[in-house]
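Pasting a structure here, questions to come.
Just so it is clear, A, B, C and D label the chains in written order, and each chain counts residues from 1 on its own.
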Amino acid sequence: MASYPFAYRQRVRFGETDTQQVVYYANYLLYAEVGRVAYLRELGIEYQRDFLAHGIDFTIGEAQVKYRAPLRFDEEFDIKVRVGNVRHSSWAFEYALDRADGLHCADVSTVQVVIGADKRAQRMPDGLKLKLERAKGASNGS
Amino acid sequence: MASYPFAYRQRVRFGETDTQQVVYYANYLLYAEVGRVAYLRELGIEYQRDFLAHGIDFTIGEAQVKYRAPLRFDEEFDIKVRVGNVRHSSWAFEYALDRADGLHCADVSTVQVVIGADKRAQRMPDGLKLKLERAKGASNGS
Amino acid sequence: MASYPFAYRQRVRFGETDTQQVVYYANYLLYAEVGRVAYLRELGIEYQRDFLAHGIDFTIGEAQVKYRAPLRFDEEFDIKVRVGNVRHSSWAFEYALDRADGLHCADVSTVQVVIGADKRAQRMPDGLKLKLERAKGASNGS
Amino acid sequence: MASYPFAYRQRVRFGETDTQQVVYYANYLLYAEVGRVAYLRELGIEYQRDFLAHGIDFTIGEAQVKYRAPLRFDEEFDIKVRVGNVRHSSWAFEYALDRADGLHCADVSTVQVVIGADKRAQRMPDGLKLKLERAKGASNGS
């Protein structure tokens, strides 16, 4: 099983919690976004250069969260990210949200779909695909 | 295939959109919550009477979104809800988010887990289970 | 003192609350937006026709909230709105957030600034100004 | 005029922006919260020890934002904070939100009100008041 090559530390904001005094369930997708953006930066994938300059963009086609343990106000946690399946026009990211002391709080996955100016799925540029496959290989230890 | 016995109309708020000028992907789970709360009220399931008064609560164990088409600022849409699998200590809700003109925008599912004061999963009260199963039967047309 | 000619009923969402089990303070500005958009629609001011088609837009220049009493999950409340000062390139909206049973929960004010394609403040079209001044006069009972 | 003794660097999240492709106006109060929590930690004021253990809490009584320039997705910015007026049962924080390159984006102020178990305003403990006054003095250069 692949490990996570990347982790991004954040702290729970008061406004992200709810009446049950834990992080509101939708905010796990907000945290996934923060990790995704940080990991793309780490991989040297630039939104302007690698997407917009090619006349493409990407959108989320699917998202899934499995909640394991709650996060509370002011707790620090790591958003761990790795590349999942890479296809012709989409790729997956897999995330673990772990409290700073190691408690595993959630598993998240998202599928990013590359779209053209017509908003339809289209084949991703070779350079982008290569970077993603290389990152995936690295986290598999291959 | 089961149809949706319940629909709750809402309108996209400006603050729910993002830089791509569509509803931000995490907000589909916020919309699911709005539909879930409204449908529980419709089913006569009261949070105070049917959960808290029994010393129980519920939490979300799993959530999934499949994004089909974007929603934009000020568009009206329906959050359609039905009961999915009902188990000993959890049940599923399935949702369709459809723009008011009928465009199908997303499929969402959530699993609600009944928990005790110790925050662990526990068997749900018979009365609650019966209401959920009856609602499920009704949407299956059985 | 002017009364509020317009009210828009909403219900507190779970995700809008925080660890203090009341609505998170920033969400009062979200509620103000919901009331503002609804009141502009009521006034017959259309974003596309009265702003974008003139090559203009508007942005918020200033916002203020005075918190009077908390709102809790699932409570219904009214967002009451009226027009405040109307100037050459900006106008104010004043809001009262009142729980459905009449409890006064907050006073909010926002200043909307009309901007051109260069994002700088500019004189608002006469038709827009007239509609705002008429609405202001109506709520003053004059 | 007092300067800001404290700054906390953050980066704009995609989900914090809106259809105008800038940070949504209510999120400036979210940013103020992040700076406030970080500054209280810096001042050695602990929520558990200095509030909850005294049977008190605090709530926001008033908030104000003056918007100067927009912030966009992925931009880094500093939340600068200083203590404003310190009264018997409340104190003010003043904030500047400045983009990392120095562009001044917003001025924010909030009034924190100390409340007892009955949720009413009450005199703050001397130790807390002293820390706030010392912090205020420091930022005034006195």
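Throughout what follows, contacts are C-beta pairs under 8 Å (C-beta built on N, C-alpha and C of every residue); 3 or more make two chains touch, one makes a residue touch a chain.
Keep in mind it's a predicted model, so treat the numbers as computed, not measured.
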Fraction-based call for chain D against chain C, same above half, different below: same
Chain of greatest Cα-centre distance to chain D: B
Whole-Å separation of chain centres (CA-atom averages), chain B against chain D: 36
Cα-centroid distance, chain C relative to chain D, in whole angstrom: 24
Between chain D and chain A, distance of the C-alpha-averaged centres to the nearest whole Å: 30
Chain C, residues touching no fewer than two other chains: 14-15, 26, 30, 33
List of chain C residues in touch with chain D within their complex: 20, 25-27, 29-30, 33, 57, 59-67, 70
Of chain C, residues touching chain A in the complex: 14-15, 17-19, 21, 24, 26, 72-73
Chain D to chain A touching residues, read off their complex: 13-15, 30, 33-34, 37, 47, 74
